[in-house]
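One structure follows; several queries about it will come next.
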């Protein structure tokens, strides 16, 4: 059994739609998680408390989704040596580029693993978290390999089914 | 009693929606203000006149919101040594980045304090103005601290109430 | 007498050259200050401690210079309602734009006043800090106005002295 | 005879190298000019005075070179209906893009004709100014056409002289 | 009477909405013009022909609006020494920045005066064209000054009428 | 007769709308083609297989459309020396600039010919493919020249028909 | 004992300087590794072979450093479900932004954990890899916590030692 | 024998260093070529003449290298249906992004195949030209495949020779 859990933290209630994909993936792989809204700027003590408490209770990794200045992932990483996976969210006019750069450009010594802006990033952060647990939990590893292979088989079948061939004659 | 006032200036009537948040914050903190549409380019003499007159009448700071070339905050700052708070507005295709850079990149000697593009920037400029007055008016200081703490408490309560916990079992 | 002080914080020793201009301006205006290297990510507890302690000892404002992810100013602002002045520093390949956006795009509720990237930003943040104190200390106000007027007179004199006039005749 | 003149204004003494090309072109075409350093932010009254005075003395157009926030051309245009030609200068880390956008994104009603960042922009602004005068002064028009044709002939000759032809045989 | 005309050229029929503002301004100032769709890439010979023919018939300046690669203004400028005013149009995903840079970054020797992306740029290019004619046609000059002053008076009246004043008491 | 064919590959079913224009052009020129959805990341073996098989069956060129990281064109080019034409697709918030740069910045030695983001790029990639075949198939060459000339004639006719002329009198 | 290893792959010999920091960190933590130059585009079969072989030999994660189109990390991730850590390298004029976006914008389903451009990214990718192993190897976990704490203590000591205090009196 | 040739055109003598790589590749494959400096803006008639003349003499494709506004490739493409390969050159402050976008964003109907900014782009454009000729000249095809395979073998050998393996023991 999986005797650990993941923490999903997002900076604002408005990020929930974007981060839903991360929760969906974790459920699909039966990874326990806690999902919280905690702002690095508006409730910094709560964030620090949650990180320290989760560490004590055996959390394995954090997924942090935030937009704009997007300091959330970096602040979490300042309190823990556990893996922190950052998901930039597009909530200013700047295409999410502000959030992406703020999350990815951490100083040497305090790494944050960064994923793409928005829902695809949330999904991929969770899948990456699954891959982290696969190193320790053989059943997770085997589900992950099946998941990937099934997707590949479906895509291959669809690719053949939806192929369009034109022989240069009919218009 | 607060024996001073703030000046909100915006370059165009179309900026009113964006700057409303600044006025709302000042009202919430009972800070008197005057809010005017004055274009740095289309009515430069009026701008200069307003700044000099407001200085004589005891204004404490200016909040300037403008888009595109966004020279407004810088031109105000060229006429006064009072704090000028600049709010970039997104009114071209360029994501507000043009306005942000035009406001923030002032030459050494003539500072403009810059906030983020759009409504969040307007709100924060006004909150920053409140913080300026808090240094001189103890009652403003105490309202400001309460305001921040109440927000924090509400966020903390919401964070707990809306927590999602998944134990890895049910789908 | 000035019975307060400013706090200059920078994220790394390598930012000292950029922030020197802020210290120079404060000295020129006889504003007491403390200048520290404290990383938001590598020594978060020290940062929190310094901010709370400085608040108790009567600090008036913070100037925070940081590059890359540049979370420093935002993290300071999360701990205090005092004015926080942010200076982006150019220490990645991304022109300082990453630091600028990370500092300026704070969420509504937690303002950071942002200045331009690099030494001009440091100088202007300090001059803006002087303007903040000018509201409370009349002697600072009068020095500030003199400072600005003297610069203006010198520039005007130089402008006349260095004028180039060509009458269309000689080559 | 040319009974008018051009005004070259730049925001800082450090812009002189960039703007030299504008002066060189005007000299080459025997167009009288005055070339001044006047900052829109640090000496706004001097700028206003120079523009109004030059208008009375019969100036035909302004060339304004500035970097960073680069409000100079826009502020000149706010005081006059004469053509204002803006030259962005690269003096921050932002590739001159900040100056370019600040000069070109003028609000409807107050046009500034913008040229490229740096020396090529200064040269082209001056050549464009020559083209403006060519409408009124036939001798300028004829020198301008000769100038362009001579350049073209030289380039054509050079193109033939420096052609490299490889027949696929020798290495 | 005005014995010249302006040429408005745009690269595609889809640019008409953007360029309408240029035609409107010219009509408002009674400046004769011809307005054509001619693509620099799809009908290069027609473009060259139109430019040479218009030059012979006494055209004073060209306004060229184009999007994407936006070579139109530059190609016109390669055929004439008359003033060419370029208007970037936003017709790719790239915010019009591609068109702006393609128009403004002309090589030294072949100037194009560039205006902002979209309708404001079209309006300002036309107003700039009016300013060019004002040098030669005193009646145009006097209409232009009136136009600007009337706008300024209306803005000043509106600024006073729409002023919002809050005294810190009522909510 | 055309005894070869083109391969259109796109990374995802959602790219079909964008790539339709490429298929339309090939049909218009009677160029046989196969059009497949094959992801470089999700079904890499299928991609490799398709490329090698198509090479054996006499394919002449590949058109690859992809968004986001957009590795598709580059991966195809790593398996073949045939011409690979890349079409960036806009499917993240980043304006398609991410896809464009990922496709165009191939290392020296493995070229990918890149076209613009979106439908115009797909159309042009196909037209470019037609031009490649025109070198070998005289009938394709003659259809291509007719196609271009007919477009030019229609544009010229439209340009004349839709010309707007204003004589400066009526409003 | 650590019975696994890390794979460092870079696209070109010229990336060695940037990736050295990753190797240094792994050595510092006594993590075995293999470090290879394998181009995704110029030797795709070798890459595929190395990934599959390393998987069989018990590799735990890949660190992939690449510049320009930077497809390396994504192509590795297409062949394995193991964690892939991507390091963008700055080897075109585009500030490394091209590499960053090409690495981070992976499609949903195939995650790549991305770090910042250049040496700091290489260092942090390796430290993140150490954190991955810390979940399974308690001795790595304890070394990692010591490493972080020692850095923090040294920074705190330096911060106090290098503090600059100015009391507003001496110049 | 190869009874055709390639045309390399660049906008300015200063582009020669960048384009040298294209000439080197063509020589290496024994492809005859003519290499000329012809500016689209400064000598437009010469450009048109060269393109038409080369077409008559049996040219197969054009490689066009240009910086800044970089209209060269597009203007060539407006005169011919032959393949035009565009190489952006970095000669302004804007990282070559201006040239890249100006070359790649051609309107639907007039394709230009674009390669990366600078020398790698020049090399790849020439290699792509070689691939075009390989369709018609079997000997070129066979040299091209050898060229690629030899590079691959050398890289594979180097990859093995330069592998660094660390077993976690020695420091």
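We call the chains A, B, C, D, E, F, G and H, going by the order they appear; numbering starts again at 1 in every chain.
Note that in this section a residue touches a chain if its C-beta (ideal position, glycine included) is under 8 Å from a C-beta of that chain, and two chains touch if they have at least 3 such contacts.
Quick caveat: nothing in here was measured; it's all calculated off a predicted structure.
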Matching residue numbers in more than half of the contact pairs is the bar here; say which of E-H, B-D or E-F clears it relative to A-F. E-F
So what's the Cα centroid distance for subunit D and subunit H, whole Å? 34
Whole-Å separation of chain centres (CA-atom averages), subunit B against subunit C: 18
So, what's the distance in Å between the C-alpha centres of subunit F and subunit B? 48
Subunit F residues counted as touching two or more neighbouring chains: 39, 42, 68, 92, 94-95, 97, 104-107, 109-110, 116, 120, 151
All chain pairs satisfying the touch rule are A-B, A-C, A-F, A-G, B-C, B-D, B-E, C-D, C-G, D-E, D-H, E-F, E-H, F-G, F-H, G-H
Residues of subunit F defined as touching subunit G within the complex: 11-12, 39-42, 44, 68-71, 74-75, 77-79, 92, 94, 97-98, 101-107, 109-110
For a test of understanding, state which residues of subunit G touch subunit A in their complex under the given definition. 21, 60, 81-83, 85, 100, 104-116, 119-120, 123-125, 127-128, 131-132, 134-136, 141, 144-145, 148, 151
So, in the complex, the side of subunit E touching subunit B is made of residues 90, 95-97, 116-118, 120, 151-152, 155-156, 158-159, 162-169, 171
Mind pulling up the subunit E residues that touch subunit F in the complex? 1-2, 5, 13, 23, 26-27, 30-39, 42-43, 46, 68, 92-95
